[in-house]
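Have a look at the structure below, then the notes.
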Amino acid sequence: MSDDPVLGSRIAHTIALKGISKMFGSVTALHATDLSVEKGEFLTLLGPSGSGKTTLLNLIAGAIGPTTGAILLDGRDITTMPPRERGIGMVFQNYALMPHMTVFENVAYPLRVRREPAKTIQVKVTAALDRVGLRGFGDRKPRQLSGGQQQRVGIARCIVYSPAIIMMDEPLGALDKNLREQMQGEIKRLHRELGTTVIYVTHDQEEALNMSDRICLMNGGQIAQLGTPDELYFRPRSRFVAEFIGESNLFSGRMNSDGRIVIAEAQLIAGPDNRWTEGTEVLVMVRPERVKIGHADGFAKGHTNVLNGEVTSTSFIGGMTRVTVKADNGLNISAKMVSGHAETRPELGARVRLCWSSSDVVVVGN
Amino acid sequence: MSPAVLIAVAIVLPPLLRIIYTSVHGPALSLTSYAEVVKSNLFRETLRTTFIIAGSASVLSLLLGFIVALHLARQPAQRRTALMVLVLLPFWTSILVKCFAFTIILGRDGIINSLLSWIFDTRIQLPLVLNRIGTLVGMTNYLIPLIVLPVLASLLAIDSTIYRAASIMGAKPARIFWTVTVPMSLPGVFAGLLSIFVMSLGTFIIPALLGGRRDQMLSNLVDFYNRQVLDWAKASSISIVLFGIAAAFIIPLILWRRRKA
Amino acid sequence: MSETIRDSHARRYRILGDALAVAVYLFLLAPILVTIPMAFGSTNALSFPPTSYSLDLFRIFFSSPSWLEPLFQSIEVALGATMVVMLTGVPAGYWIARHEFVGKALITGIIMSPIVIPTVVTGLGLYLYFSYLRINSTTLSLVLGHVAYTLPYVILMIMAGVHKLDRNLEFGAELMGAGLIRMFLTVVVPQLVPSLVSAALFAFLLSFDEVIISWFLTGSNTVTLPVRMFSALEWEVSPVIAAVSTFLTAVSLVVCIVAIRLKKWTPVDA
């Protein structure tokens, strides 16, 4: 919760979905879903296209009505309320600025709708444009601005009327990479300063990891996993989550009596995990950047999970270099190392030794 | 805003219902006026004339319109926009202006006959108007702009690299025309032809002003029963038949377009 | 050196195509090319090209009540029809473009039907219906008849305009709290200005030039200019018709030019 001398005190709001679902004809776009967003939380809906994240967003905004279930804003049922009465703000991917209005008029629009006095409008719009770094741009037409500037107008138009919830539908999707990262920082700053509850939709996992308090990862019209960025990255609970977020080596193995996991006849040690009983088939993940790679005769004794193999490909992707190794036991393992000059990278066909710590082995599920 | 939709329906629908009502409501509620119409020689003769005129005018317009569309499609975009005025201006010109002009051009002492008389140095008075020729000339002039637009659209939709590919492979212009241009523009040509045919089935002004007394179309027959005979049941029946014929041609076109979309 | 490679074969085809196209252009423009000079000819001869030039025919056109009254009647009807058709067609077109409702296909089919129904059928239907309502031969019946005739074109043009708009603008305005009518007036209408102007112009011209429906609906006191011209052409071909034709062509030309200019015009840069 936070205050702004002009834009007013922000009382953060909660939103809760109870068994909400949506069918389009005979196609289920969203299976019955429960989700609650806390006060002042920055929640990201992440997922591939067609995963149901946009459907979920449109249901909350009121663009479409749900097939079943209820939507509660601060505990009040708003399921059948028309969009204009919900008091929700939205930032659109394509900005959705009125081309026939100036920047000032665009930002003033929600205030004019609310019949606020001209003086208040002047003060609030100026404050909102200040907030997004567009002081002095009020007289321009949207078309005269760059993409980044247009989206700042979109954000200013949203914060100016202090909506209960701000929804952002891939707001940075149309911007190039550098600008996108800069804007991510600005949206985070605005969220910190204003304390509004934000629901953010993106298909870019880095954006989601960087910005969110919690991520709701969607797949096939269902929530695949809901949790903090750390939880989703380090403790994925399904193959989909492990593969969608970050890169991963996934192995299937079997639990041994002493907590070891047997994979392709090699004994791998996983961290203590008592969720599974002996003999259970489990899916195990090791992140490539946790796999150490060294000379074939490297690594002192005492390391666990040591494998020998041959380099089958290397790719230089900037800060990191990805090395794929075919281990002698038949597993294909990818490792990531901090990039050095070309001569320090392993050559194709070179014999190498891999190892990783038992605490980096994550049991994804069974 | 939805009331506007209802108002729109309220303006358009009642006249249609009224005409159906009148067609079956002569002396008594029956289909007699349809039966009488279908049996009458005047109707059969007019129906045949209507189909012949509409068919030949449409095909003629397609041939001439295709020439214009090909020419426009070949021009650079800017010049094409300028030349389009030559098609759009006739498109916007009143049908009455055209009829007036063609009575002057085609009349007994009209421009063409005067020109021929001057060339051959004798008095020539070819009957070019108030007969089938006059009707066809007027209708062709009226229909060409209507077919140029869809045909041009389908010609412009042909990927120009296909022409380059064909000519690199050694095809001569005539072969390219018959193997690329014609087949690829066929859907647009077909749709355009069908729609101008349906439009010409209902022409009224042109046969009335440029056609002969014995060369009238179904629309003129409707007017005749309405204005001269004052038999509204027959006028309505002929209208419904005309409507039915038009619908029989236009509905497949609409369905075909929808399936393509 | 020439920049392009000469292909004499292709060139021959091109010249043939150009020649044929020029002939068709001439045929298309012939009516205009003939009537305009004649309009400036003398009052007693129907010859082309005219032997002497004057403005006499226009003087007759603009001074004789038998032509002036139909002209004013046509203007009145066209203005009335344009107003009614815009007030109905714009919201209806928007609604059809943006909303799904029960029987949408049937309802739009009915509204669009005057485009494909032969005009004589529409004309007779309107005549019979207005006789039943006892408003035949009135200006009102002409206005309503022309509304029925122009409505589908206006709705189609508005729908095409609406489909080009970004739906999010409308939804965004609604989210920000605007009611339907306010949203329509502040978001949709300003962006639709080019479509609105061209639809209105088109409706005006359609109505102003309309002959067949008017032929069925006019009474002796409500004769429109095209009906006056039609009956004149049916009986005698008088030289003054050349002046009337030129006037009608000029009206079409103005509308045509405005419509073409509008295509390049967008509300943002204005």
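Chains here go by letter, A, B and C, matching the order in which they are written, and residues are numbered from 1 within each.
One rule holds in what follows: contacts are C-beta pairs under 8 Å (C-beta built on N, C-alpha and C of every residue); 3 or more make two chains touch, one makes a residue touch a chain.
Owing to the predicted nature of the structure, the values given are computational and were not obtained by experimental measurement.
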Neighbouring chains common to subunit A and subunit C, by label: none
Central subunit by CA centre of mass proxy: C
Centroid comparison with subunit A (C-alpha atoms), farthest chain: B
Whole-Å separation of chain centres (CA-atom averages), subunit A against subunit C: 55
Inter-centroid spacing, subunit B versus subunit A (mean Cα positions, whole Å): 60
Chain centre separation (subunit B, subunit C; CA means) in Å: 17
Subunit A contact footprint on subunit C (complex, rising order): 166, 168-169, 171-179, 182, 186-187, 190-191, 267-269
Subunit B residues touching subunit C - in the complex, by the definition given at the top: 1-2, 4-5, 7-9, 11-16, 18-19, 22, 64-65, 67-68, 70-71, 74, 83, 85-90, 92-105, 111, 140-141, 144-145, 172-174, 198, 201-202, 204-205, 208-209, 218-219, 222-223, 226, 232, 235-236, 239-240, 242-243, 246-247, 250
Subunit A residues touching subunit C - in the complex, by the definition given at the top: 61-63, 82-90, 92, 94, 96-101, 109-110, 113-114, 141, 143, 157, 161
Footprint of subunit B on subunit C - complex, ascending: 9-10, 13-14, 17-18, 20-21, 24-25, 27-32, 34-35, 38, 46, 48, 87-92, 94-96, 99, 101, 107, 110-111, 113-114, 116-122, 124-129, 132, 144, 147-148, 151, 155, 180, 184, 205, 209, 211-212, 215-216, 226, 229-230, 233-234, 237, 241-242, 245, 248-249, 252-253, 255-256, 260
